[in-house]
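The same chain A turns up in both complexes below, where it pairs with chain B and then with chain C.
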Partner chain A sequence: MKLEVGYIPIRDIQFGPTSKVDGNVLYVNQDELSRLLLQDEAIESVALDIARPGESVRITPVKDVIEPRVKVHGGGGIFPGWCAKVDTVGSGRTNVLKGAAVVTAGKIVGFQEGIIDMSGEGARYTPFSTLNNLVLVVEPKQGLAQHAYEKTLRLAGLKAAEYLGKLAADIEAEEVHTYETLSLLEGVRAYPDLPRVGYVLMLQSQGLLHDTYVYGVDAKQIIPTLISPTELMDGAIISGNCVSACDKNTTYHHLNNPVVQDLFAEHGKTLNFVGVIITNENVFLADKMRSSDRTAELCGYLSLDGAIISQEGFGNPDTDLIMNCRKIEAKGIKTVIITDEYAGQDGASQSLADADEAADAVVTGGNANEVIHLPAMERIIGSIDAVDHIAGGWSGSLNEDGTITAELQVITGATNELGFNTLSAR
Partner chain B sequence: MVKEIERAGIPVVHMCTVVPISMTVGANRIVPTVAIPYPLGNPASTPDEEKELRRKLLDKTLDALSTEVEDQTVFE
Partner chain C sequence: MIITNNPAVTAAYEQMKNVRYVEGSYRDVLVEVRNLVHIGHELVTHPLMGSLKPNETPYRSVVVSDEPVQGCHTEAILIIEESIAVFDRFARTARPDRGAHASEIAKRDFREIDLSLLKSALDA
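Right after this comes the complex of A and B.
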């Protein structure tokens, strides 16, 4: 499967009479986009706003971040199963509005959405402070149940990203990246001497608004399977998560998975990037056992020499992570796990809920319990009143002067377990 | 908590869903439960079925509590 991804750099977003891309500016007709979103009868109102890098702006409660993309040719459409039919994606040509994002905001759960600051201390912790963000604040009709509100906001974000992405269909890209995954046999023939490396991508699937979708299918209903890494770049996997903001994978993360990017960068040079195995993180022990068994079987079937395993979220998924690691290592396949830590505010507690000797190569996204201080912002997009209840916050987190004292986990993407964050010990 | 109570000489049964974590933590008597969000119930069941489910789990747990164990034991 071969995909060309064309980057059209976006350096500003403006509201204007016609939605279009002109130079490096993305213009958005507010009324047109609002009307499109309001076709969902569950929505009471939509407020569109723009947040640019460096502005004194705080966006909260953030649900998802989505990159606008469009399928130029090659079959299927972006976000299959949602905005397009379920045809297989990942081949041909896709254009991207690089540097722009749709951010969805709304108080669905209250304590499980996040914060994006566009400047100051908080901006250092989230990669999304570097993007030009079109923010959708979506208010539901009165009485709409939480799970229905989640779905409504999820779809609103995807629709808006699709709407903006389409503006890039006929624009010449400044940069084009090509990614190709060979079939199993072709790969063996092409790179007989390179180590075979696979990527085990764990998807949050605990239910109760902790869900991820694959071609429209709820990931808790999947049996671990193979997927081409280029399918991720076309939105085959999307986030339906309301969970601690720091280490959930937004849809933007799935589209731009840095593990996939780095493995492709080394593909054919130092290793043979064989493919991606997706698995889930369910709440029944039998599911955890079955999924980790199947994942290890697939790794063995692919004759991998090494596997990189990334986790999503924390707590009981630590067990899924360790089971995957232990069972894959038991097949003689080396593993590296990517996780993050809940080691207490002083960093002295046990970092993960589970452990095993097989997990001897670990990359951490950081300690989510670390306490940070965020300055007041001139403008709030969304509403600030959830901050005292947000996971990582506490009663009194939001000070009267608008400053915030809370744990790092309040910030969207801060300790991301794909490595799509800026924390480093170096 | 399981370990500290046992250290005081009182036997403990850990009822939990994620048995591997209970094993890692070092519980000696483990009774597997239903699911992480509802260890001792099941919203898909009727109230009568749930009562039955709870009674069976509790009976099993009381049996486990009064069973001598040599090593970490999961009471399936």
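Right after this comes the complex of A and C.
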């Protein structure tokens, strides 16, 4: 499966009479986009706003971040199962408005969604501060249940990203990246001497407000399976996860998975990137056993020499992570796990809820309990009163002068467990 | 059997399922589950279900088998013991306005999340 991804760099977003890409500026017709979103009868009102890198802007509570993309040719459409039919994606040509994103905001559950600061200390912790963000603040009709509101906001974000992405269909890309996954046999023939490496992508699937979807299917109902890494780039996996801002994988993360990017960069040079195995993080122990067994079987079936395993979330998924690690290692396959830590504000406590001696190669996204101080911002998009209630904040987190003292876990993407973040010991 | 300190779970399930209501804290629920697992009940759902941290939500619901099952449940014992250790670790950074001290509005949300997570698991 071969995919070309064309980058159209976006350096600014502005509202204008016609939605279009002109030069490196994305113009958005507010009325047209609002009308499109308001077709969903569950929505009372939509407010569109723009947040640019370096501005004194705080976006909160953030639910999802989505990159606008469009399928130019090659079958299927972006976000299959949602905005397009379920045809297989991941081949042909996709164009991306690189540097732009749709950010959805809304108080689904008042204490979990995160913060994106566009400047100051907080901006350093989130990769989304470097993007030109079109923010959708969606207010639901009164009485809409939380899970229905989540779905409404999820769909609004995808629709807006699809709407913007389509503007890139006929524009010549400045950069084109090509990704190709060979069939199993072709790969063996092409790289007989390179170590065979697979990627085990664990998807959050604990239930309501903690869900991820694959081609429209709720990931808690899947059996671990193989997926081409280029399918991810076309939106085969989207986020419905509202919980744990710092280490949830937004849809943007799935589209731009850095493990996939790095494995492709080394593919054919130092390793043979065989493919991606997706698995879930269910709450039933029987599901955990079944999914980790199947995942290890697939790794064995692919004759992997090594596997990289990334996690999403905390606590319950730690058990899935360690089960996957232990069972894959038991097949003689080396593993590296990617996680983050809740090691206390002093960083001195045990980081994970589970451990095993097989997990002897670990990459961390950082300590989510670390206390940070955020300056006041001139403008708030969304609503600031949630800050005292979000995970990692506490009563008094939001000071009268607009500054915030809270744990790092309040920042969207700060300790991301795919490594798509800016923290480093270097 | 559902072990819970969440009145919303009791209300939703007591007609349909075996529910044991624990008059106490999140930790008390974990300890009750540990006691049951040690006498042979199978652990059906993970004790740290959901991404809400143990020092945030005051509510916890865990499903174990209705009856003790023969055999050694090493994995389940490790999971429940580790979960209690995680709870105690988080308790060291107790929040004045969380857990048992959360506001009534926050508690309502926490009850709802706990119930809905359990529901989406049981209905799946």
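Side notes on the structure shown:
The definition used in the following text is that the second predicted complex is superposed on the first by the 426 of 426 C-alpha atoms of A that agree within 3 Å, B and C clash if a C-alpha of one lies under 4 Å from a C-alpha of the other, contacts with A are read in each partner's own complex, and residues count from 1 in each chain.
Rule of thumb we're sticking to: contacts are C-beta pairs under 8 Å (C-beta built on N, C-alpha and C of every residue); 3 or more make two chains touch, one makes a residue touch a chain.
As the structure is a prediction and not an experimental result, all values here were calculated from the model.
When the two complexes are overlaid on chain A, chain B and chain C occupy overlapping space and clash. Within the superposed three-chain model, A:Q146 lies in touch with chain C and out of touch with chain B [touch as defined at top].
By the touch criterion stated above, A:N316 is placed in contact with chain B and with chain C alike. Shared-chain residue A:Q206: touches chain B and chain C both. By the document's definition of touching, neither partner reaches A:T415: not chain B, not chain C. When the shared chain is aligned, chain B and chain C each come close enough to touch A:K288. Applying the stated contact rule after C-alpha superposition, one finds that A:Q221 touches chain C and leaves chain B untouched. Between chain B and chain C, C contacts the larger number of chain A residues. Residue contacts after overlaying the shared chain place A:T279 against neither chain B nor chain C.
Chain B runs into chain C after superposition on chain A, and of the options 22-30, 58-66 or 94-102 the stretch responsible is 58-66.
Common to the chain B and chain C interfaces on chain A are residues 206-208, 283-285, 288, 316, 318-319, 353-354.
Against chain A, the residues of chain B that register as touching in their complex are 17-21, 24, 32, 34-37. Put simply, chain A touches chain C in their complex at residues 109-112, 146-147, 204, 206-210, 220-221, 243-244, 248, 282-286, 288, 313-316, 318-319, 342, 344-345, 349-350, 353-354, 369, 388-389, 391, 394-395. Within the complex formed with chain A, the chain C residues making contact are 42-46, 48-54, 56, 75-76, 79, 82-83, 85-86, 89-90, 92-93, 95-98, 105-106, 109, 112-113, 116-121, 124. Residue ranges of chain A in contact with chain B, taken from their complex: 206-208, 283-285, 288, 316, 318-319, 322-323, 353-356.
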